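Labels run A, B, C, D, E and F following the written order; every chain starts at residue 1.
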Amino acid sequence: MKTVPLKLVTIVAEAVLEDRLVRDLEAAGARGYTVSTARGRGSRGVRASDWEGGNVRIEVLVTDAVSDEVLHLLAERYFPHYAVVAWVERVEVVRGNKYV
Amino acid sequence: MDTVDLVRANLLSPMVLAFVLGVVARLVRSDLKLPEGIYAALSIYLLFAIGLKGGVSLSLTPAGEVWLPALAAVVFATIAPVWIYAVVRGVARMSVADAAALAAHYGSVSVVTFTAAIAFLDTLGVPYEGYMPALVALMEIPAIVVALMIARVQAPPAAEHTPVSWHTVLHEVLAGRGSVLLIGGLSIGLLSGAGGFAQVAPFFDAPFKGVLVFFLLEMGMVAAGRLGDLRRAGAFLVAFGILMPIAHGALGAALGWMIGLSPGGSTVLGVLAASASYIAAPVAVRIALPEANPGYYLTATLAITFPFNLAVGIPLYHAIAGLIHAW
Amino acid sequence: MDTVDLVRANLLSPMVLAFVLGVVARLVRSDLKLPEGIYAALSIYLLFAIGLKGGVSLSLTPAGEVWLPALAAVVFATIAPVWIYAVVRGVARMSVADAAALAAHYGSVSVVTFTAAIAFLDTLGVPYEGYMPALVALMEIPAIVVALMIARVQAPPAAEHTPVSWHTVLHEVLAGRGSVLLIGGLSIGLLSGAGGFAQVAPFFDAPFKGVLVFFLLEMGMVAAGRLGDLRRAGAFLVAFGILMPIAHGALGAALGWMIGLSPGGSTVLGVLAASASYIAAPVAVRIALPEANPGYYLTATLAITFPFNLAVGIPLYHAIAGLIHAW
Amino acid sequence: MDTVDLVRANLLSPMVLAFVLGVVARLVRSDLKLPEGIYAALSIYLLFAIGLKGGVSLSLTPAGEVWLPALAAVVFATIAPVWIYAVVRGVARMSVADAAALAAHYGSVSVVTFTAAIAFLDTLGVPYEGYMPALVALMEIPAIVVALMIARVQAPPAAEHTPVSWHTVLHEVLAGRGSVLLIGGLSIGLLSGAGGFAQVAPFFDAPFKGVLVFFLLEMGMVAAGRLGDLRRAGAFLVAFGILMPIAHGALGAALGWMIGLSPGGSTVLGVLAASASYIAAPVAVRIALPEANPGYYLTATLAITFPFNLAVGIPLYHAIAGLIHAW
Amino acid sequence: MKTVPLKLVTIVAEAVLEDRLVRDLEAAGARGYTVSTARGRGSRGVRASDWEGGNVRIEVLVTDAVSDEVLHLLAERYFPHYAVVAWVERVEVVRGNKYV
Amino acid sequence: MKTVPLKLVTIVAEAVLEDRLVRDLEAAGARGYTVSTARGRGSRGVRASDWEGGNVRIEVLVTDAVSDEVLHLLAERYFPHYAVVAWVERVEVVRGNKYV
């Protein structure tokens, strides 16, 4: 099976941010994304919308360049004030060309 | 009934007791929790049902009777954030963002506190103007917008931070689900009238207070989860979370009397003035004023003001309204 | 009331207005959405409640009175997909899969459109045969099976693709949750009768229309999400999505008259014929005919036919049924 | 009505038929399933509503009338696990953990079986003591605690395994959502009384049996999912899952007669004694006795005892209670 | 802690496919799987069951051989017509022997 | 974007264990965690709380040392009797210092 190496960026953030994050991800060049509902605890503890839906967990398959762009915008627009965690890993994607 | 009796009667209503049960459940670290979607579903139900009832009542009320209370409600909700902001900044020296956040929450209204007040009056058999739910819809938004404007003017965002645009903020407030459901329900009630409402009343009217019981159970659990923050919050926040509602409650009741509402209606206006928003304001503030500390505004509204209003405030404002009207 | 009056009365019902509110909420990009499980729960409720009511009515109806309407309903649902397929292929030259997909959806029926029609007649006080919900269960499946058979015959899957087996397809249709709930509810209603139903009526009967309001709110949001596809869909799809229901509505109403239904019953049969499936058909088609473009069949059913039937179609078919019966 | 008639009437109730539909849906591998949060929401509703009703009835009953049934219920629930454990160990030579797990489940009570029994008596028009729901709350916990104590004494955890602490176990049982909702609902009912209940009755009383229908639909699906385990479970488990309830049902009915309950009340006490827990016990046992095989205790309670009680047991214990009282 | 290196295949697909995918995965040799609910957007955009439950996110821990088999069947039976995305990564599994 | 390499431990377990697992994870040194709801099937099949909420899927970003500690406690307290699956991978974490 031919696969393409790509970056998988996983972002966990407070749920009120979902719409904005998704818009920013698409602007940064992501061709798609997957969102699921999550809850959690971090160093920050307090969440704005405590009883408003917890966290979202967003996954985006992107090229290295877009991955950098995404991390950059997280650092600039979200990390200073919001409860956001993000990590990156290298994965092999089937039909990977459609994300480039 | 004197005030103490009212408080006692109120404290033993299923709604207030459900809130207490929620607090107890959290304190004994029970695994009880409403499933994720259910809380959201209940709040959609409450918001829409209130809008609907308000709309139906409006459709039955001559416009000449409504315009003055509507105007009074909007004016109050528009200027209240100014003095709240001034008090918080002046007395507690909180940051601009934190003061504006409190102004947004306390200038806006709480749908749940409102419904608890309605249930309270219904139980006592005290009549009130049918269009009161419409005032909820009118009083929800102005204070949030004004408070956010104050924050922008007082502390313009630093150049290196692209702030959230005004457009985004207004959109968040006006197209937020709270507004859409309240105003949408109101419009539907207005357009379909009493005949339309009769068709759906067995769903939106009869079970309403029962649904409220579950909602308050959950709010009790959430509020209890914030009790830990209370200690950190400090004396100012506790005092603010009790005194500000009392002042607003008296002011609202007096305003009601001035514009010719019934004692019941004045009570409701007092409760609206005294209540703090839990649905529209937290989301808007989180997005538009992320530097405001939720440890202040959520703790004050949820762990202090809401239980205070539920247990003591509602009968208190009712007693105050009674005094004013009897005077 | 003439047709225009009927349309107006219908447009101002809480159900139709809730659909409009859903559309508006989506258009203003509100964050309003029903929590994930809630939509599914509402649809389970509606399907089961309709089955149940149909079963109870059947248990009260002599078999001699039901067999002809039942037969007529099944025959219609079995042959309708043939001509729908022929029209779509002949006029629009769509692919075999796309034509068969439309045939499956428009040959089958919409439970929500049906319930909106019932609410409409109830509001007008027009009587109809109590066993109509049973016809919903009968008309849901045949068209889907026939349409999928047409697709298999007309375009046998290429050798290199292992197609989904017939067994899987039939299983999907017959054991799908739509069928299980409708037929299961029907059987339970039939077996437990009016006495059994009385026990659960405060849950399955009284709040029914209120639940429908929330369901339509969600459908409005989904339909609005498809409006963008409308432009791409092209003129044929829009014309098809309006004219096909009108033709089927008239045909169904006439059929009702022929087999001796009341004017109300003929209206309902017209609505069933005119409606397009949103629960059973999309899932079955997606699995059995994956090469059919959902941009066609979902857009046509959800963004064109459903709102058309809700706003205009139902009163129109009622007027047509009235004309035929008066004639 | 004789027992056969009772069984037949019972089998055709919407609740029992919904359970059957759930089994069928699973057997035909339907994609029907209640959304994740909905099952939890339904069980929260049922537990709280039962507590509430029990509390309200208690508030209307003189204490002198309640203490004896309450005492009898607690004593039964405390000593039943001892003999259950002895029987299972003696006859089937199961492990200590497995025997204790069965003792915890069968010594405790099933809220759903209880409500089915109430619905059954209501349908027949048989009166029973109003405070019976309060007994549910009393009988839920003791057997679980006693059974877990037996397990600790009989098979002290090996030194190298840190076992779950007693404190954790007791917490799990007492602060589990089953207990919190039952006891919390009871307290709220007691404190707010008939007047408070009247406000929320359209939500907690009228739709109750309808909600039960959906709950039983889901239980049917779950039970059917366990049918495969039945073969592996072996003859002992099947016999145990039928004979133990019959013995307990007769014992409970006799106990009811002895302490002066009405025939209806004796039926309910029989049903409680015969029923096995599905909410509190499985969670507590899973956490405190992880080495017990859920393939035994869940299969016995869900796939054998629950359907048996629902279909045959309830009318049977009613007939037995009738015989005892007539004797 | 002794761990075993295995492949983790993550599949995001439209929800109607859940039952079939799971059956195919087990036939391909997977000894277990984990499913969660997700929503998302991709290049395809239109989803059949738009209001029927969104996507599912399926994770399977498998050996290299089974991983190849799984990707193969995805390519053959699902990619041509359905909205499906899949990626593979190497992870260290505790108690890994039970999946081999 | 500066990132820090950390271990991501993913645990899939029966839902009744959530509270205990979370407490144990924090005791082992995790500074935060993310939980989502899942369902699944494994070699064990039978789940205690079959109709009590399925599985939870817990993710923790931790240092190597904490990762070992976490795997150790899973092996000791959970694997013998419960349906639990866990895997570890190396990821690059943004703002990674806060987890150390």
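What we mean here is this: a contact is a pair of C-beta atoms (placed from the backbone, for glycine too) under 8 Å apart; a residue touches a chain by one contact, two chains touch by 3 or more.
Nothing here was measured: the structure is a model prediction, and the numbers come from that model.
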{"item": "Identity of the chain that, by mean CA position, is farthest from chain C", "value": "F"}
{"item": "Centroid-based (C-alpha) most distant chain relative to chain E", "value": "B"}
{"item": "Computed distance of Cα centres, chain E from chain A, in Å", "value": "20"}
{"item": "Intercentroid distance (Cα basis), chain C paired with chain A, Å", "value": "39"}
{"item": "CA centroid of chain D to CA centroid of chain F, Å", "value": "34"}
{"item": "Residues of chain A whose C-beta touches two or more other chains", "value": "36-37, 89"}
{"item": "Shared-contact residues (touching 2 or more other chains) in chain D", "value": "31, 35-38, 40, 206-207, 283"}
{"item": "List of chain F residues in touch with chain D within their complex", "value": "14, 16-17, 20, 37, 46-54, 77, 80-82"}
{"item": "Contacting residues of chain F [partner chain E, same complex]", "value": "12, 36-43, 55, 57, 68, 71-72, 74-75, 79, 85-89"}
{"item": "Chain E-touching residues of chain A, taken from the complex the two chains share", "value": "1, 3, 6, 8, 22, 31-37, 61, 89-95, 98"}
{"item": "For the chain C and chain B complex, residues of the former touching the latter", "value": "12-14, 17-18, 21, 24-25, 28-38, 119, 122-123, 206-211, 213-214"}
{"item": "Residues of chain D that touch chain F when the two form their complex", "value": "36, 39-40, 161-162, 168, 218-219, 222, 225-226, 229, 278, 282-283, 285-287, 290-291, 293-295, 298"}
